[in-house]
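Naming follows writing order (A, B, C and D), and every chain is counted from residue 1.
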Amino acid sequence: EETYRIGITQNNVGVDSYQTTYESAFENAAAQNENVDVVVLDAGGDVARQIGQVRNLIQQQVDAIIIWPTNGQAVIPAIRQAHQAGIPVVVTNSKIADAGMEYIAAFSGPDNVQQGASSAEMMCDALDGEGQIVQIAGQPGYTTAMERSGGFEERLAEACPGVEILETQPADWNREKAQRVMENFLTKYDNIDGVYSGDDNMGVGALNAAKSAGRAGDIAFIGATNFAVGYEAIERGEYYGSIYQSPVDDAEAALQTALDVLEGKEVPKMNFFETPKITADNISEFDKPVF
Amino acid sequence: MLSKKHKAGLLNFLSAQGILVFFLICMFAFSLFSEQFLSQSNIMTVVRQASIIGIIAVGVTVVIIGGNLDLSVGSMLSFSTVLVVDLHDKIGPVGAILVMFALTLMLGAVNGFLVGFMRLNSLIVTLAMLSAIQGLVLIYSGGQNVDIANQSETWFSVFGQGYLLGIAVPVIIFALLAIIVQVVMSFTGYGRRIFAIGGNPVAAVYSGIRKNWCVFSTYLISAFCVACAALVLGSRVMGSQNNVGQGYELLVLAGIILGGTSLLGGAGSIWKTVIGVLILGFIQNGLLLLGYPYYTQWLVTWVIIILAVWLDLANKRKHLLTRHS
Amino acid sequence: MIDMKRFMSGGAAIQPIWIFVIVITVFFSVMSDYFLSVGNLTNILVQTSTIGLIALGMTYVMINGNIDLSVGATLGLAASLSVGLQEYSLTLAVLVAITTGVALGALNGLLVWKTGVNAFIVTLGAMIGVRGLIFVYTEEQSFYASNFAFSDFGASTIGPFPVLAIIFLLCTLAMHLVLKKTGHGRNTFAVGGNPEAALDAGIRIGRNMMINFMIVGFFAALAGVLLATQMGASTPNLGRDYELWTITAVVLGGTKLTGGYGSITGTLGGVLAIGVLRNGMNMMQVPAFYVLVILGAILITVLIIDQQINVKSSKGVQV
Amino acid sequence: MSTAAATHTSGASAHGETPILSLVEITKKFPGVIALNKVSLDVRAGEVHALLGENGAGKSTLMKVLAGKHTPNGGQILLEGEEKVFENPKEAKKSGIVLIHQEQSLVPEMSVAENIFLGSLPKKWGNRVDWKTLHRESTEILDRLKCSFSSKAMVSELSIAKKQMVEIARALVFTPKIVVFDEPTASLTDHEKPVLYEIINTLREQGVGIVYISHRMDEIFHLSQRISVLRDGEYNGTVNTADTNEDEVTKLMIGRSLELDHASKPKDFGENMLELRGLTVDGVFSDVSFNVRKGEIVGMYGLVGAGRSEVAETIFGLRKISAGEILLDGQVARLHSTHDAVAQGIALVPEDRKDQGLILGMNCRDNMTLAGLETVSTNGFMKPAAEKSVYDKYQQAMKIKTPSWRQKVGNLSGGNQQKIVIGKWLHTHPKLLILDEPTRGIDVGSKAEIHALIKDLARTGYAVLVISSEMPEVLGVSNRIIAMYDGKVTAEFDGDAVSEDALVQAITGQYVTGADASADRPVT
């Protein structure tokens, strides 16, 4: 039986727990499968370095490349090179631009636009379609952040035009920054009904700020990528809801998609895994995230 | 003769305080456009937010006066914050704080050893340490976020969230450190020696000053300040990410520069740094209140650095001219 | 820095960093099957060309006794301009990108010259501000080059050699000759070695510094454009931290931060040392967390060794 | 001094020579200082015009104004009758004015040739340096200066004297109209001095106007045709060298005659304060043994490069000892750092005041107290009043000229800077005071004061070691003289009974044991 060498270049391991958990889940999944050999690389968030890593993987003539794009557009020429070298490419977690779709074998990951939309729906529910909210976004320039924001804003305008986004500021997936941004929002706006954060890590930062200011009770907090701290906050009733997204599912799906491609199976271009809404009502259906 | 002296003193004072005047003008401009800007709660928020950078900047200013740089403070802050938060649940707050201070000082000692005793270039050494310490944090935490489990049941939150006589504890820590270090730098022999080393390291050695130890000690001071900042940061967030301090070294430097401390060593003061850090904080806050996107603050910072530089120069020129005539 | 061997009239020297480059090259060749191949070696050249090009200009600025921290941001701005303006014309876009780089260099140079303020301060300001400019211009968006000719150029080769690597090597040669052989190059040393003396000797030190800032601005912009051709796109965060790695490479190459001493051959060695280390550790699959620690440790080790050589050769007093 | 001024105006017309250069009523102010107040000076073609004055009188400043380095606050520069305004050094150079600086201005990591031609390298097409021409012409110039080193040598590798010769070589690149030498011999040895004199004479014969600044009277009387004197930034008269004598010139300079050696050498010596036993630092000096007793002044004489400074640095804890030992007060001393040395009562006034002696950006007072901070502080906290009184004491004792204690030391004249360094070490009340070239660049008046000061110190029990390259100084102050040559002690003499010949032989390595009866203990 043939052994496959699969190379993966990740976005930025260590920047948050999700990516780290993804990495170890991926390595575990590979270890379980005897005929898979993996080369795990990390781009440290730098597009140029990721392109170099794709080139290195092409150079090593791996059988397939999995890429977690640092940027949905800038990696396309590198993916094209891999494609031209006859190496199938699977994109994981965050999408690449349409222009690159013809060069990839498949995409596997969450649908971040859909996640944004789901959060918008939760916000509608929480505020009964009426109110003023602020948004704390992820790192500017990164696909996941842009897709979630985009999905959220579009759906919100559609679903409940009565909810107004007062302001959007980025907090770079960083809890302390989110806390600072929220503190400034709180001084600036006397009336905030809801906060949408690009992930729970930032959401909890915003919650902390509101708690310190004694205004947490008036505000509905909605996040994405449910973290353990977010899960607990929902349990305590301080946090309205989030999107459940498991890095383990994410990693396993990516590896499986790559293997399917290598084994010549018919694989759909877009493979989304489930990212359900999580609120106090259904929290018991979910395990607490490990990160 | 006496009146001349007084005149010179006044001019000296004005030229030294140019940045302060500038600061007040900025505050005034912002307050025209935003009602909240000068509200007490906003000012308290800004000062509280600025204190983390301020606390670090106090230490880095000492290193800079001694003629060196410390770029590793950002990584070190990540390290110390992750450490203190992680250990909090494992060995309790007191142990966590003690271990965190000890290990942070040890990192400072490594910097100090390499720069002070091995006499390596501080820019490159602390740059290398920036990378290495970031790696250490990740290895320590395995790349995972750390959190304090029972946030409501620990007194640890006092450093970041507490108030004393209506003043936020981070601000008190910042003010205390700034005052103590300023006193040390301007009124003690130790301070004089650091200034001498920054001014001319060779002549300092020829004056019988133990340069190696003094340089070493400046890095300990810097590390101590980072540890204090980590205490505030960890207690404020009650959790930490591995990259929580990323980029702080540049903010700290920007604050110090805005305050007007030259990076060449042998000159500068803590109190200027305090002003610089506050300017940075108020600009950030003011622009946010006016609704400009966050990145406009970078442009404004640039412009202000250039202006501060010109202002300083113009002041010196004026100074020379008045003395001449 | 000891001179292993002097050749040519300017006295080009082989710097110790080259020994280090050779040692790690041999090491990785033994440790990884994939390391020593034409494909991988040209890969390394392409990957180092970005930092390498900036480092060429940075060497001049640092020999001058200055420093430029704004190169990473300049690179990012040039990349965004070169992609973002392509809707008008590709040539125009590239021209504007490069001109902007030179202009930012000129601004830095002018400020350093006219105010006499430390270049570290002036360019730290520019580093923050130019990044702001990028975000204002791009509104946080990435740009994508619809013109495939652009990204094809980045991937093109002449024979087995990638065009980007060739451009980098040609620029290196040119900058080496200018530094060693021309009046401007020699004045650059004089200004960094003893500005007072250079001024007394009638060298226009302000002009010399400004030209060098423009040179580094040019190379940062060029590197940005070439990096954009590799990606067929640009992102607003492009070039973060590059200034730090560039300065590190130049210092590893033996250029003194205090000015007056340095060489392009050394800088090439320094750039390759970092490039080979990164590539080799990738090939050996060193976990990302450890790469950071190892890079830091190696950097410090090289500094210590370099300094020990210096101390031995100077027999100086213990100051 | 109205009579002197009259000498000046009538002097020029009486000789009927039109000056090639006239400085007319030049005024230059610095913050808090009027460095030059309406100073006028004529220089004729083909003359050596000596410029004299106390430290800080404004000599260097006047010349920097001439060379375009300083912009004057008033006055005119007339070159060949034409008014010139020099915005920068380049313009002055273009007009044919060359200034050989008091503080050497060379680029260390460049070749000798490039330094000589700095700013005017010969070029080929495309701004390329014409190396062939450069080295050919540099070699010619070096030959004329009888310099043995190559034009390709790095300046950083040269000794201080050779560096000075490179500086001087710059005067020979073009045929200039005016050459200014600002204390060119301060760091030259007796070997190079005659070459310099010869060059000056050649230039003079070519019709070049020469301004020569020096504190050495013998030189001035040997070289110059006329002497002008500055005092406190004011012009104080011009005299024909042939019509005057040293005493008169000194009077013009300092307003009184110099009482040479008004203090006698100390006589009573105590125990050994310092004793070196076979002290060796590999590659620098070897087997150096001598002693200094309490109350005694020992002179150390030798050529530049003999290794005297290195011995001093070793005693001061700056170098690692390879063999031998240092005894202080009869005890073997542990001296691993300057801190150890200072703690054990050693003081070193270093050779290079700018790099080793002073923090140029610090004010006068802070520099003065830097080596003895413990004495002006309690529990680590400074006592400003105590500091000020220390400063005042030495400022008055040595007549340091500065507008205020707040003045940055970097703005003081060279001689006054030197006094600050001396004051700084006196303040530590050392048991052993080492002075390395203590009067380099110091005017005659202050020199006598410093010599008297040294003798006074010895009389109060200090052990003093004076390193000097000036024979009169060594002979004048020392009770005993140690001669060094090439890293070795070659002889030891009684300071009051030694012939100059024997000294010269000892420091050039020609000393033969027993050749001179005055030698106490010749050493091979």
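Just so we're on the same page, a contact is a pair of C-beta atoms (placed from the backbone, for glycine too) under 8 Å apart; a residue touches a chain by one contact, two chains touch by 3 or more.
Nothing here was measured: the structure is a model prediction, and the numbers come from that model.
*Asks:* Which chain lies the greatest distance away from chain D when centres are computed from Cα atoms alone?
*Replies:* Taking each chain's C-alpha mean as its centre, the farthest from chain D is A.
*Asks:* What is the distance, in whole Å, between the centres of chain A and chain B, each centre taken as the mean of its C-alpha atoms?
*Replies:* Using C-alpha averages as centres, the distance is 34 Å.
*Asks:* Taking the mean of the CA coordinates per chain, how far is chain A from chain D in Å?
*Replies:* 72
*Asks:* Just the number, please: Cα centre separation of chain C and chain D in whole Å.
*Replies:* 44
*Asks:* Could you list which residues of chain D touch at least two other chains?
*Replies:* Chain D, residues with two or more chain partners: 318, 337.
*Asks:* Could you pull out the residues of chain A that touch at least 2 other chains?
*Replies:* If we look for residues of chain A contacting two or more partner chains, we find 13-14.
*Asks:* For chain B, write out the residues touching at least two other chains, lowest number first.
*Replies:* Expected reply: 138, 143, 202, 205-206.
*Asks:* Could you please write down every pair of chains that are in touch?
*Replies:* Listed in label order, the chain pairs in contact are A-B, A-C, B-C, B-D, C-D.
*Asks:* In their shared complex, at which residues does chain B touch chain C?
*Replies:* Within the complex, chain B touches chain C at residues 71, 114, 118-121, 123-125, 127-136, 138-139, 143, 201-202, 205-206, 211, 250, 253-254, 257, 262-264, 293, 295-303, 305-306, 309-310, 312-313.
*Asks:* With touch defined as at the start, can you tell me which chain C residues reach chain D in the complex?
*Replies:* 9, 11, 181-184, 186-187, 189-190, 193-194, 196-204, 260-261, 315, 317-319
*Asks:* Name, in rising order, each residue of chain D that touches chain B in their complex.
*Replies:* Touching chain B: residues 29, 31-32, 73, 316, 318, 337-339, 341-343, 348, 350, 355-362, 366, 370-371, 373-374, 377, 380-382, 404, 424 of chain D.
*Asks:* Show which residues of chain C lie in contact with chain B when the two form their complex.
*Replies:* 111, 115-118, 120-122, 124-133, 135-136, 140, 244, 247-248, 251, 257, 288-297, 299-300, 303-304, 307, 319
*Asks:* Which bits of chain B are touching chain D when the two form their complex?
*Replies:* These residues of chain B touch chain D: 5, 8, 187-190, 192-193, 195-196, 199-200, 202-210, 266-267, 319-320, 323-324.
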